[in-house]
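The following blocks contain the structures, represented as structure tokens.
Common to both upcoming complexes is chain A, partnered first by chain B, then by chain C.
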Partner chain A sequence: MNKLPVALTRHDANKIARYTKRRKQFSAAFYALCVAIALLSVAILVVLLMSIGIEGQSRLSTDLLTRSHSELQPQRSGMWPAIVGSLLVCGTCGLLALPLGIGTAIFLEEFKPRNRWLLRLRSFVQLNVSNLAGVPSIVYGLLGLTMFVYMFNLFGQIQVNQSSGWELMGAKHLYQVLTLEPDHAVFIPQTNRNQNQITIDRPLDGLDQDWNPIAIDVWAPGTPQPKDPEVRRRTVAAGTTGGTVTDKAWYYFRLPLDRSFLAGGLTLGLVILPIIIIASQEALRSVPSSLREASLGLGATNWQTVRDVTFPAAVPGIMTGAILAMGRAIGEAAPILMVLGATISKESGPRHLMDNAVTMPVLIFNWAGRQQQEFKQLSAAAIIVLLVTLLILNSVAILIRHKIQQSQP
Partner chain B sequence: MPLSSTTDTTPTDPQSQRGRTLIRIQNFNAWYGDFQALQDLTLDIPRHQVTAFIGPSGCGKSTLLKWINRMNDLTPGARAKGGISLLSDRPDEQTVDVDILDPNVDVVKLRRKIGIVFQKPNPFPKSIFDNVAFGPRLHLKTTKSELDELVEWALQKAAVWDEVKDRLQGPALGLSGGQQQRLCIARAIAMGPEVLLMDEPCSALDPASTLAIEDLMFELRSQYTIVVVTHNMQQASRCSDRTAFFFEGRLIESGETRKMFTNPDKNQTDDYVRGKFG
Partner chain C sequence: MKTTHRMTASRLIRSLVICSLLVAGCDQPTAPNPVAPSVSNLKGSIKINGSSTSLLISNAVREAFLQRFPDVTVTVNGAGTGNGFDEFQSKQIDIADASRPIRPTELEKCKTHGVEFLELPVAYDGLTIVVHPQNDWVDALTVPQLKQLFVAEQAAKKWSDVDPRWPDQAIDLYAPGTGSGSYDYFREVVVGDSGQLLRRDMNLNEDDNVLVQGVAGNKYSIGFFGVAYYEESKQSLKAVKIVNPSDGVAYLPTADAIISGRYAPFSRPLFIYVSVASLRRVEVAAFVNFYLENVSWLCEKVAYVRLPQELLQRSIGNYHAKQTGTHYINSAGEVRSGALADVFLPTNLGQ
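Up next, the complex of A and B:
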């Protein structure tokens, strides 16, 4: 029994030394290969950034940030509406996806149900989340189109500026009446929703063009007209008719959402929802179960455990996932093209909740496909702006994460 | 074989309660899935004493401990049959007898009465103060000064006050392993339990910290009923009043610790405490 196995007794020092040397060489070669691959990927990125930088740097100016797209004057075009549009769309997207995604992850990870039906619901949701993460974003665009833009036709077709929209939130319905002063109008709030026309025959209260209340005078034809332009501006010829107009406050809201930035944001929210759920689940799973046990062992309820222990411990991981997801949302073009359309000639960002919007990727897509050299340069400059925006968003998120980590010693 | 009462006096004085049964375990069976972890177990745990559960790995002693405050609810597939009742007689509590295994029992209330300390120290990644205040904040409505007083009291009881009093707002994870474990004991004491369950509380600690915890158990038994699971024979003999020996899911023998370690009734117990197996 004292005899060692043959493999351990054979002493061929040279052979073993050669073998060891070959192993070390192989290891060194593998290391070099890894470094080369890493450098290659960085080099590709550098080339990309440099070519964009060289092409776009001539157009990087405040004009680019403050002006809007102009079809005829590419040299004076800017992307202000797209910046505002992108931020609003992504904000909506985050407002939908973050609470929903984190909540779903907490349900899946922290509330292990004992009830058979809840267990089935849990595995059903889990299966769907895993599958949805792999669905191409254009498919989400189609989903957003039926779900948010048309809302399955549940609310009928959209009738803008019709009196059927009377109850719409944030919409003011008014009659617009021309005054004696050329090109000047006053407004009278609409009180009867079925009446589309108004005829002025007596003095009444109305609004001026800045929505300040004024008294509207009536001029009877045949008598001398007032001379003072101030008075003429609020004087209407008797018998003048006016039609309805609608003024939309920023909170103007109607259903279905149609091609509004809200619909775009909600669609993007669906795109990043599975990413956020999966990242949050990972973060919650990595919280040591000993902390969970400690909390429950002290008599905390499931909810108290999540609120005081598990969730705070998982916040850094959840934030990382959220940053990645928002980065994807801000750069996503396909579902936005489908939901909001490809219009880019907008003067400003969305003025109310139901307003259409341009986003940066859609604008870049449009500019990059044009023939004129100026637009090609513009698109390169816009890419730089998009990247910088992304960088700023990420740094803010990382800063918040850092703050949270420091606040829990 | 149930442990019988050693002293019988008036029920008002907490010290005189010593030895009366607090937790009664009757014909208890526990399973994990199809595997039966504990079989037909009957044991009484007396008040204000340290009861040690000993036995080789996998004998079911931790399982029993975790059923006493229903921590096994968290384990998928864990089932139990039989009875565990808490014969509490605190004057301020309305419920006297609690059937611990009743599915409708309020586990939140139960776990407040029966605190648990785990094998590895598991302080929350919060400040030392917040760790100890965690239980009181869950269960009691306190003012700031009452909470301060309670935290100091609990840390003093757990013999860690002198070491942490200058850094109560510092991170609990910055403490040494032994300090962390005493902090966990303070955290359990701070919600005013009757029973402290300890699942191998010293197995992750160095000898000096182990000694500190053992002294602490000895101190605390005047006010709490302590159940400790341990692999360490010396520890069981040093710091427990009663010992229960488990083997392969059965309770082999239980009784006074001195008797169990010197002259047990069963040969199997004798072999185990002498270190012949396990």
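Up next, the complex of A and C:
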């Protein structure tokens, strides 16, 4: 009645041996296939790295690391401003995304609400986070443009010669007036912000380029000009007009953010926020619930449990997610092109909070599209620098993670 | 004695330093006649956006400018001529780079927002029509033939459709993207005011490198882009001679032919549009001054063609006279067309 498998009812030793052999062969073949696939992906990576290395090795020089992009001397172009720019943009991005992301994950995992409305809020957030993780980064670029660059025009538009938005700190407004010495200017503090032009017709007190007070003399056309360069440098021809300049301290801050590296960093922060949330959630979920329950059972509050038990246990996992996310952020070009524009010629990294920045991916994108052989090699060399930077950042993060893991009992 | 010795030694060192500077200066971008070698203390910032074709020139000028004015911040973006004018009329930038003259709609917007500007031609760009180097049947093309190749209503599918002696093979077309000044310029020259469109089945790309590779990769392809890009990829492409409609002779896009206007109708002037309100600022005036003084040798460094001396002088004259407005649109709102030398006349301003 009951049907046993053939192998159990009929003991055909030969057949069993053959069958076993076939099974083992199949297993070996599958193993070989797995190895081949693994080797293939590694081989592609090696070929990629080799071709980049061969193309770019001739440009790996101190010029590359210390100089800036040059249209006139492609052979001496460098990427120093882009390295600084990328690091600052990524720093801003991390400052936004890490606290927000980890906080959201803790809310979603550790504070499961019983209240009906909070429960709905939680599932709403959860749904959105999962959806946002799949949104292409160019869309975040558009979002960043309206949200950070223009700030929905809530604080007015930034217009040349007219308005510079809401300047909160670090701005010094001056008139710049040319003196008798060619290309040399003196500065006069601006008192009325609505008057953006000044005409010099009488001697007055001003400042030199280092903000030391000087007395500005007036030379009346028709009279002999002063000869001494020192005097000429603080003498202005009567009737000379000058426009305004803004001297920006490093902490210069205004709203809207305009095309500043802060706007770029915040936009990248939005790009990686869902990744960090999901990775942190996974890490918190993998903390054994026995730990959590034991803590709660001892009378600890939810906050104490998170602070002393679950969060420390989840830190290594959270950090792994953060490393992956930051790696993505440093390599993103599309949202940065959207927010900061395609500007690549800049002599230094950002000089103040509202300054524009060049980033490595945008520079590589531009160089790779050039016709000149020099720029093609430079783009390969820049890719190597980008990879090495990423490697250094990752190893530092891994070291920190290792330290944290060791310090835990 | 000792002091004299030291004097001569220091003099020797100084002259050595100067010599080495001169030797190093051979490949350094120094102006032909540096008037003021001293570094200026001017401060401030200048914002420029516009044509990706002019971007190279503006970047080069910026770089040379910063050697003398290191404290001035100059930001050059190359989002395209149309986008540049868009930011120009909304007062987001001081200078708009343009690879075509301003359009009536853009002029209208500038007027409504109260943006007055100077129109200053700075250099020439030639559009090069290129084919595969092994293409042995095309040597010169006429504008009507280009119409057959590129205009949607005629759209020759095969080379033999244009000329029965040519091979019976499908044509592969490459062109810059629709947002670029090059595309607009080509359309204007080939189609004129008839309102016809260029065909849609072309390979469009903003990246000129992709166009170069596309044309170089297929024997039966044809494409066009700025002359600077052709100069840099001469070995993999063949430029087609264009028959000048006025004298019937075919010319290659050489610098001579472009300057003299014989390479017609595919040489175009590049402009900068400077906001008059911004010129009140000393640093902007210094930059524009520097631009006009140095653009001739700088534009050749990035493979464009300099303006003839006479035209450049007209541009400088327009700058010093502060004659606002465009030469290309008359008071009735009609567009003037023709060679730069015929249109860029003071009498054409605001009339």
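Assume the second predicted complex is superposed on the first by the 325 of 409 C-alpha atoms of A that agree within 3 Å, B and C clash if a C-alpha of one lies under 4 Å from a C-alpha of the other, contacts with A are read in each partner's own complex, and residues count from 1 in each chain.
Here is the rule we use: contacts are C-beta pairs under 8 Å (C-beta built on N, C-alpha and C of every residue); 3 or more make two chains touch, one makes a residue touch a chain.
Computed from a predicted structure; not experimentally measured.
Of the two partner chains placed by superposition, only chain C is touched by A:73; chain B is not. In the overlay built on the shared chain, the residue A:377 is in contact with neither chain B nor chain C.
Contacts of A:137 after superposition: neither chain B nor chain C is touched.
In the superposition on chain A, A:342 contacts chain C only, with no contact to chain B.
Of the two partner chains, chain C is the only one touched by A:196; chain B is not.
Once the two complexes are overlaid on the shared chain, A:359 sits clear of chain B and of chain C alike.
Judged by the number of chain A residues each one touches, C leads among chain B and chain C. The touching residues of chain A, counted against chain C in their complex, run 70-73, 157-162, 176-178, 182-185, 187, 196-197, 208-209, 241-247, 341-343, 345-347, 351, 356, 368-372.
Within the complex, the chain B residues that touch chain A are 69, 71, 74, 76, 107-112, 115-116, 118, 120, 122-127, 134-135, 138-139, 169-171, 184, 187-188, 191.
Taken in their complex, chain A has these residues touching chain B: 112, 288, 290-301, 304, 308-309, 312-313, 408-409.
Chain C makes touch with chain A in their complex at residues 27-29, 35-36, 38, 40-45, 47, 49, 56, 59-60, 62-64, 66, 68-69, 71, 73, 75-79, 90-94, 207-209, 212, 229, 232-233, 275, 277-278, 280-284, 286, 298, 301-302.
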